[in-house]
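Pasting the structures in now, so scroll down.
Common to both upcoming complexes is subunit A, partnered first by subunit B, then by subunit C.
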Partner chain A sequence: MRRPGIPAPSRETLLAALLIVEGAVFSVTGHGFASLDNVLGLARLACEGGLLALALAPVVLAGGIDLSLGSLLGLSSVVLGLLWRDAGWPWPWAAAGAVACGALGGLVNAVAVARLRANPLIVTLGTLSLFRGLAEALTRGVDTVTGFPAAFLSLGQGALAGGVPVQAPLLAAALAGSWLLVHRHRCGREWRAIGFSAEGALHAGVPVGRRRLQAHLLAGVAAGVAAVVQVSRVGQAKADAGTGMELLAVTAVVLGGTHLSGGQGSIAGTFLGFAVLAVLRNGLQLSDQPAELAGILTGVVLLGVLVLGARRGGQRG
Partner chain B sequence: MSTDLRRARPVALVLGVLAVILAVTAPGFFSRAQLAPFLAGTAPVLVVACGMAVLMVTREVDVSVGSQFALCSVLLGLLLGEGCPPALGIPAAVAAGALLGAVNGALAAGLRLPGLVVTLGTLAIGREALRWAREGRFVQDLPPSVQWLGLGQSLGQWALALAALAVATAVSLGLQGLMAGRWVHAAGSDPAAAATVGVPVRRVTFGAFTLLGALTGLAAALNVARFTDVDPKTGAGLEMQVIAAALIGGVSIEGGRGGILGVSLGVLLLAALSPALVFLGIPPEWERVLQGAIVLASVAGGTRRAPGRPTP
Partner chain C sequence: MTVLEARGVSKAFGQVAALRSADLRLEAGQVHGLLGENGAGKSTLVGILTGLQAPDSGVVAVGGQPVARLTPGSARALGIACIHQQPALVPDLSVAENLALRLDPPRALGRVRRDRWRSRALDLLERAGGGVDPDTEAGALPLPLRQRVEIACALGSGARVLLMDEPTASLARPDQERLLALVRSLRASEVAILYISHRLEEVAALADRVTVLRDGATVATLPAGPGRSGPHDVAGWVRLMIDRDPPAGHAAPATAADRGDGIVDPRPPLALGLRAIGCRAVGIQDVSMDLPAGRITGLAGLVGSGRTGLARILAGLDPADAGTLEMDGRKVHARTPAEAIALGIACLPEDRRRHGVICGMSVAANLALASPGRVFPGGWLRAQAERDLAGHWIRALSIRTPGPAAEVGTLSGGNQQKVALGRWLATSPRVLVLDEPTQGVDVGAKAEIHRIIRDLAGSGMAILLISSDLPELLSLSDHLHVFRAGRCVAGFPGGSPADVVMAAALGVEAAVARPPGEDAP
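And then the complex of A and B:
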């Protein structure tokens, strides 16, 4: 029902407008929202979620889904803590172990989806339980690792020149890397092709299995890196780390205009979608509103954008 | 019935093996004192799983049942606390559940939005709204008339189990015998073809969401009857439990296939894990590991049975 001559605004434009509205409202209502400190602090707090959302985008673009990333973050956190405290590894090795754990978890999803050709929703629903269960079993559900060395904690709590948190360049690098991969590399083109039509892509010579494998593996590595960032920021490794993060990541990706059936979407949209959610949470907090309101509005924004999108052609055919 | 039986065979086998292991190592598990509370605790999950199975056969999924369950439980608790008789309160909980399901159905089927995303949104809204309203406070001091449906504990436990069994039987018969049941299968196995032969596909999907909501409301009532107070966090993770039970019970996530017999056995298998671990002396933290492993194993089994089929 699009009128000729007036192009519908793209999802990115819509989200950027929403971000500006949020900024304007919270500058008035939030205490210290518009300060430089808050903007930098936002990058610190939002880094882990941003990493997961950016890594989830290629998976969804290729027509898949990964619901296990929050659990994998929790498992990787626990692995980091136990390698450092109980196995006595120096912290850089333990951090590398956490990233390796993320990669291994991603590989489990990848093999089940790409090699066994199982439905990604079921597979990652299963690994969601599996990873969280392993994290709980390793710590017997109550054990929390704390007392990390200062050098490790400075990764998550320290600042570079000018008060820029360490997370900011990491997030920027993840953004640039995923943008290059999705929009400037054949990987991205082939993920998109698989999302549109897996069979068509296969006949066109796209290595469908390998590309799906890579997308899930990358998501796993991102979960491992996010675990390192989170443990160094909060200073403790717990089995319940990252609970609900999979929801946040999926919401950000869908909000960013990526179709769940695959094929369409952009990294800019995903990042803007994530930024809208992160600013919403931060702004409401600084405006002395309860955290629950942020959760409710996250759901409302998701449904609202979906409904608006449906009126402009729909999410699926 | 024969395809239903065949599809339930793998899960029946695993459940049988678990039962034999338990019978040998921990015969106490099958005593009446253990069995009755186990079945009563499983009853609400079974009722929700039946609704989820019907919805999944239409090729949709609802991840918001956990927050629907909590909303209905708290509503029922508050109504009973205000002096509302259970005979009025329980239908009210069912109606509230149906309404919540209808909202999901209207968004998913009416606007053709993906049900997974819609219900992710309503899951967050429902759960956070409840947290805001209750601030973690339990609904306490429920009247004794609702405790075990007023039948006393030993009889009440069996009554809850029988109620769930009756619901499962009714849904199973409806899915196989009624025209609506055939429509559910048709809409899920090939929506375009079903629409061509006159199946109102979107209304069927809407109906399945609403039925799931109503059954979730009923399950909340069965659960409220087991306790003296209502935890506003009740039902967290219920969606994963029932979807997993449906999957290992042979329901296809791609729609069109599934029977209640397998789903019931799947619910029993997942519910038996926790007490089985206790009886076998394994730390209870391993329950979720096993749950995940069982879901993955059912996936691997499912792909082996259908080789060569390209999954789009």
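And then the complex of A and C:
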């Protein structure tokens, strides 16, 4: 139902406009929202969620889904803590162990989806429970690892020159990397082809199984890296780390215009979608609004953007 | 007495006319055979008579009364029943429950009287040939017995007209004969039967009258019956089913060797050899053939004869589990589509919209999809290479598109097919397998695709052409293989008479007096 003459705004334009509106409103209502400190702090707080959303985008583009990323973040956090405290590994090794744990978890999803051809929704719903359950079993649900060395904590709490948090360049690198991969690499093109039509892609010689495997593996690695970032930021490793973050990532990806059926979507959209959600939370907090309002407004924003998108025929096959 | 009649019925799907003013009259107590090639319009006619499809023009009359808008429900109420090739029963319900569901659909708050239904089901199944326990789950029954349940259903509904679409196609010998006996007893009880079958001997033994469809039009309705001869016999039907005279524009096949420089090379080099290839997944057995460079090898056969299965083997989608592929005197493997592409084998799939192109992606992305090495050297996109590749094939195949960025789904069928073809030509194949390359494209695009196929062969490519369009196959092919039931049963030189090829595809020995080449075993 596109009106002639007026080009419909793209999802990215819509989200950028929404971000500007948010900025304008919260600059007035939020205490210190418009300060440089808050903007830098936002990058620090939002990094983990951003990593998960950016890593989830390729999975969804290829027509899949991963609901286990929050749980995998939790499991990787616990693995990091226990390797450092109980196994006595030096912290860089323990951090590498957490990333490896993420990769292993991603591989479990990948093998089930790509090799055993199981439904990704069911597989990752299962590993959502499995990974969280393992994390709770390892810590008996109550054990929290604290007292990390200062060098490790500076990863998440430290700042570079000019007060820029360590997370900022990491998030920028993740954004650039995923953009290159999705929009400039063969993998991105083939993820898209699989998302549009897995059978059609198979007929064209696309290695469908391998591409799906890579997408899930990458998402797992991102969950492991996010675990390191989060443990070093909050200074503790516990089993409930990352609870609910898988849904935040899915919301950001969908808000960003990626179709859950696969094929269509962009990294810019995913990042803007995530930024809209992160700024909303931060702005409401600084405006002394209750936390529940963030949930309500997230829902309103998502539904509103989807309705606008449907009006311009956004959910095309 | 005429119980069901179609008068001047026409139906088009998009630009393709499936039926052109077809006529059919079914009489009570008669078996009426309906014959025609693949795509002649038989299934569409059945769809119209059962109310599944509405005709664009023409009249359907039941008992002499024209019916304005026939629906599946009203057709059933008027006593029209259809036995499909694949019976549609609810697999988790018992046979008796399936019958109850069809014959007495449950109403809100209605009670199902199990015991009464069980005895009624038992009675109907007995009349349909017996051998079915009404308490077994329908999904557990083998196909012939499921078909018997369908027939019991038709009997129970008191059908006066029974349409049977290839009822014996999937039956073994004894089951076939039992079915034929049942058809005869139904005829004796004054039911009108429309009998569609590719098994012409069966029709000859059974039918009282026969109607032949060709290109959607009724060519002839003839009296039939055992012991008749002259134009009513099987060979005559075959002649009516196919177009004897090739349409204008179809020249005699020209081989690559005598095209161009005028020097005839009697033995062109072999591009790909198939040696006793078999594959259980697609039901192919012991297929051997040569695909010479620069030649068009045709593959004829009915739908389901295994032609597409062979294409899937060569594409690496369903790798062969028996036999070998030979290239340059070496044994080669095509275990994945990527391996097949690397060997230089390209396969244009039959189902264009599902497999041939990716409708949501751009023309350029579709053209480049099978050539990642050229557009993504080292994995990274070279936009210029993609633009060049897309521009080249858009020009070379005259693809009519607003531009390389246009979504393929927005193009016409013929242009989508050219995009699908261009994708494969971009891989610079040595062997090109074309599965129904002109199906559902308009006449102009069809002629263009024919010209492209000839040019490709002229440039030295080995082409395997699969087509249900016999005149197309005969006019393009240098050599022709015929498939039946997963085997290669005959080979013919290009330009062979259509009735000879059709007879081999149907498995009719009596049709023709002079079988050239290696004939059916």
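Just so it is clear, the second predicted complex is superposed on the first by the 314 of 317 C-alpha atoms of A that agree within 3 Å, B and C clash if a C-alpha of one lies under 4 Å from a C-alpha of the other, contacts with A are read in each partner's own complex, and residues count from 1 in each chain.
The rule is short, and it goes like this: a contact is a pair of C-beta atoms (placed from the backbone, for glycine too) under 8 Å apart; a residue touches a chain by one contact, two chains touch by 3 or more.
Not measured: the values here are computed from a predicted model.
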_Which of subunit B and subunit C A:Val250 touches, first, second, both or neither_ = first
*Touched partner set for A:Arg192, first subunit B, second subunit C, both or neither*: second
*asked:* By the touch definition at the top of the document, which applies to A:Gln264: first (subunit B), second (subunit C), both, or neither?
replied: second
_Residues of subunit A touched by subunit B versus by subunit C: which partner has the larger set?_
B
_For A:Thr127, using the defined touch cut-off, is the partner it touches subunit B, subunit C, both, or neither? Pick first, second, both or neither._
first
*Tell me which partner A:Leu36 touches in the superposition: subunit B (first), subunit C (second), both or neither.*
neither
*Once the shared chain is lined up, is A:Leu202 touching subunit B (first), subunit C (second), both, or neither of them?*
both
_Which partner chains sit in contact with A:Leu306 here, subunit B, subunit C, both or neither? Use first/second/both/neither._
first
_subunit B and subunit C footprints on subunit A, overlapping residues_ = 197, 199, 202, 316
*Over in the complex, which subunit A residues touch subunit B? Could you list them?*
63, 65, 112, 116-119, 121-123, 125-134, 136-137, 140-141, 197-199, 202, 247, 250-251, 254, 260-261, 290, 292-296, 298-300, 302-303, 306-307, 310, 314-316
*Once bound in the complex, which stretches of subunit A touch subunit C?*
183-187, 189-190, 192-193, 196-197, 199-207, 263-264, 316-317
*Mind pulling up the subunit C residues that touch subunit A in the complex?*
315-317, 336-338, 340-341, 347, 349, 354-361, 365, 368-370, 372, 376, 379-381, 409, 423
*Where on subunit B does subunit A make contact in their complex?*
61, 107, 111-114, 116-118, 120-125, 127-129, 131-132, 240, 243-244, 247, 253-254, 283, 285-296, 299-300, 302-303, 309-312
